[in-house]
Amino acid sequence: MTAAPKLVSIAAAADRVPDGGTIAIGGPADGRRPLAILRALARRSWTPGALLAWAPFPEAALVGATATVLTPEQIAFAAPDVFLLHAAAADEAGDVLLDDLPDAWYADRAITRAAGCVVATVEQLVSAETVRRRPRDLVAESERVRAVVHTPFGAHPLGYRGRYPADPSGSLAGPDSADHWEYLNAVGFARLLHRCSLPEGEITHDGME
Amino acid sequence: MSIAASGSKVVDLRTAVDSIRPGATLSFSGFGHFGHPLAFVRELLRAGTGDLTLHAIAECWPAELLTAAGRVRHVNLSNLMFEGLGRVRAICRAVENGWITTDDHSHLGLTLRLLAAGWGVPFLPIRSMAGSDLERIQSGEAPKFARLHSPFGDEEIGVVSALAPDVAIIHVAEADEQGNGIITGQISVVDAQIRAARRVIVTTERIVAAEEIVERNQLVTVPGILVDQVVHTPYGAYPGGMYGLYDEDLELMGEYYEASRTVPATAAYLQEWVFDLPDHDAYLNRIGSRRLAEAVVDPVHKLARGRGEW
Amino acid sequence: MRFTHDEMMTVATSRFIRDGWNTFIGTGLPMVAAYLAKATHATHATLMFESGILAPEPRTVARAVGDPRLQSTARRVSGMLDALLLLQGGHVDFGVLGGAQVDRYGNINSTAVGGEGYHRPATRLGGSGGANDIASTAGEFLIVVRHSRRTFVERVDHLTSPGFLDGPGAREAAGLRGRGPTGVVTDLGVFDFDPATKQMGVVSLHPGTTWDEVAAATGFELARPATLPTTKEPTARELDLLRTRIDPDGIYVKADRA
C-alpha cells in the first residue's frame, strides 16, 4: 500500500488541517510566519480551536482568530494537534530544513517534537541528497510531517531573515487568489525578486552622465 | 580612487542599453544555454540598436536573437549552435542569404585575439588554425591570422591579431555596487572579454554588500575596476539558466527553436516575447511565479526538479 | 547478443581510449563511449571538456558540454581559455571529433557546405569551436561520424579541422602538434590512416556490413585490403553497462532491448 504523497498543493495541505483542535504557529515575531497556508485555510473558511504561538502573532486575524502567546515549552506541553511551520526547504519525502537563529530554531524544533503532526510550507524544494548533507538543519523529520508545500515568499508580506525583507506595501490578506502562485503573481513577483536580491538599504542609481 | 571610495555604478537596464551606439562591436557572456545576459539582449532589441558587429566565441543566444531581429552586420565567431537542439537557424539563414558576413576562428583563436587586446599586445602566438581554411579565409575587417618566423629559434608559428569589442556585457551571479562580480561555475571566456573590451557592463542576479564579495574574494572573476555599469536583473539569463541558481527552461527555448524555422514565425516570437513587453519585469511577470520558482536548482545536483535526476 | 549500429559505434569508439589518458570530449555518443571506457579498460582516463570542466562523474547522462551534471560533479571547474591552453600546451592525449564532411586525409568540415563556398554556402554549420584546436594540438584524435557519400567526400567544401591536410609532412609544415587523426569509427566500420600516405584505409567492417556497402557509402576511393577483418562485437558486459548504467534511457545510444 503506497502512502499518500506528502508534497501537495497548498489547498490539499489546508484540507489536511482539521477544523477545531489546537494549532501551533511557528516562526519568530519579526518574520517567517506561515501566512501562505493561513490564507489557504481562510479560503476554505477554516476555524481553529485554539491557536498557540511562541511570539506575538497579530496575523492570526487572517483566519479571524487571536493567538495565545506562550513559551515554546508551554506549547509543547499542550501537545498541539498540528504545527504550521514555514521553513527553508524540504524534500519530496517531507524532511524539512530550517535556517534561523538558535532560539527561534529550537523553539520550532521543540514544538515539532511535541505536536501531533507538522504541516510545513517551504521556500524551496531540494533533493534527498541535500537533506542528507545538512543534518544540523533538519527541524522536522518526514515521519512527523503530514504535508509539505512549495511556497516561495511564503511569509509575505512579512519578511524571512536572510532571505527577503518585509513588504510594507503588502496588506495582510492581500489580493484575491486561488492559491499561493496566483497570490504572488497578483502581488507582483518581479518586484519581490528585486527586493530579495538587493542589500538592505538604498541602492544609488547614478544614471548616465 | 580606491574601490571602497568609488561611487555606485548601478544604473537601470534602459540606461545601460542606451549607452550602446549603433554600429558598436559587442561581446556577450554565456556558454551553452547558461549565463547569457538575455534580459539585456531583449532590452537592446527593444531599443532598436542595429548595424552591430559581434565577437561571439560560443554565445549562441545573444547572437541568434540579435541576428533574427536584423540588428547584426557581421559576426566574428568560433562556434554557434544550440547544443541539444540544433542549428542557430536565424544566423545560418542570414549567412546563406548574404544578409550578414562572418569571419571564422577556432575557440582558442578568437579567445586569444581578445586576450591580446586585453594584454595590450598586437598579437599572440597560436598553433591552432594553421593549415586550415580558418587561416586561408580572412573575412573580417582586419586580418586575423599570420605566420611569423620565431625570433628565438628556427620555427614558424601562427599569430592572431588583437581584437577589442567596444562593449562586453557580462551576466554574473552577484556583484557589489562597484562591479566586482562573481560567476558561480565555469567562466567560459569572460576573463578575456572583460580585459579586451573598451567598456564593460555587468548585469547581476543579486547586488550584494561588499563584505559578501570579500568573503569569496578569490572567486571574483570580474574586477570592478574594469566595469563601467552595473544593472540588477534577477533571472537575467532566462530562459537560459544560471549555474548554481536556476536551470534552463527547455520548453521556452524550444519554443524559440521551433519558431526559428521560418522568418514569419521568428518575427512573431520576437513580437510576443520581446517587443510586446515593456521591460524585464513584465517578462518575468509573464513567465509567472511558479515557473520561475520551479526553475531554482537543488544545491547538490545543480538541476531543477523533474530533470530525471532527483 | 543483439546490438544496434549505435552500440557497435560506441563500443568501437571506447576501445580507442587508453587508460591514464587525458581526453577531450564533447557530448553525445563520444561521451557515452568515454564513460564506457572508464568503466572497462580505461579506469584512470581523465575526461576534460572545452568549457573548463575536469574529471566529472555525472549521475545521469549529460546533454551538453556546459551541462550542470558535469559541472556539479567535476574535480575542478575553470574556464575555456584555461582548458584550451592546457590543450595547446600538450597536456591532452586524445580527442574525439565529428563533422559534416570528412576526406581521405581525415580533414573535417563543420563550417559550410555547398552553395558558392564559405561566403554564400548552401548550408552554414556551427563552425570549429574547439574542434580545430583539438585537431591541431591533441596527442591524437578519433573521428566518429555516420558513413555516407554525403559525409565521406573527395574534397571537403571547407577545411575546418586539420587531419593530414594534403598529405605527408603537411601537418609538420603548418606547425601542428600531435599525431593527427589515428582512426575513424562509423556505423559501418573502423578505419585508420596509412603511415606513409596518410590516407584513410579499412581496419575492420562491423558485423553484417559488406565491402560493397562501404564502397558505396564512401565518396572517395578506399583501397580494398587483402583481408577484411570483422570488428569485434560488443561484449555482454559492455552492452549491459551501456543499457543499464551509462545511457539507460537511450538518449544518445539507441539500444536493442529485445
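Think of it as A, B and C in the order they're written, each chain with its own count starting at 1.
The rule we apply is simple: a contact is a pair of C-beta atoms (placed from the backbone, for glycine too) under 8 Å apart; a residue touches a chain by one contact, two chains touch by 3 or more.
The shown structure was predicted, so the numbers you read here are calculated from the model rather than taken from an experiment.
Q: Looking at chain pairs A-B and B-C, which one is connected by more C-beta pairs in contact?
A: Between B-C and A-B, contacts are more numerous in B-C.
Q: Computing the C-alpha centre of each chain, which chain sits at the greatest distance from chain C?
A: Most distant chain from chain C: A.
Q: Taking the mean of the C-alpha atoms as each chain's centre, how many Å separate chain A from chain C?
A: Chain centroid spacing, chain A to chain C, equals 53 Å.
Q: Rounded to a whole Å, what is the gap between the Cα centroids of chain A and chain B?
A: 39
Q: Would you mind pulling out the distance in Å between where the CA atoms of chain B average out and where those of chain C do?
A: Spacing between the chain centres: roughly 28 Å.
Q: Note the residues in chain B that touch 2 or more other chains, in rising order.
A: 300-301
Q: Show me the residue ranges of chain A that touch chain B in the complex, using the header's touch definition.
A: 124-130, 133, 150, 152, 181, 184-185, 188-191, 193-194, 197-199, 203-208
Q: Given the complex with chain A, which residues does chain B contribute to the contact?
A: It comes out as residues 7-12, 15, 18-19, 177, 205-209, 232, 234-235, 280-282, 284-285, 288-290, 292-294, 296, 298-301, 305, 310.
Q: Quick check: in the complex, which residue numbers of chain B touch chain C?
A: It comes out as residues 31-34, 57-58, 77-81, 83-84, 87-88, 91-92, 95-96, 98, 101, 104-109, 111, 115, 126-134, 136-137, 139, 155-158, 185-192, 241, 243, 247, 297, 300-303, 308-309.
Q: Please name which positions on chain C make contact with chain B in the complex.
A: 27, 50-53, 59-60, 63-69, 71-72, 77-81, 84-85, 87-88, 107, 111-112, 115, 118-133, 136-137, 158-162, 165, 170-171, 173-177, 249
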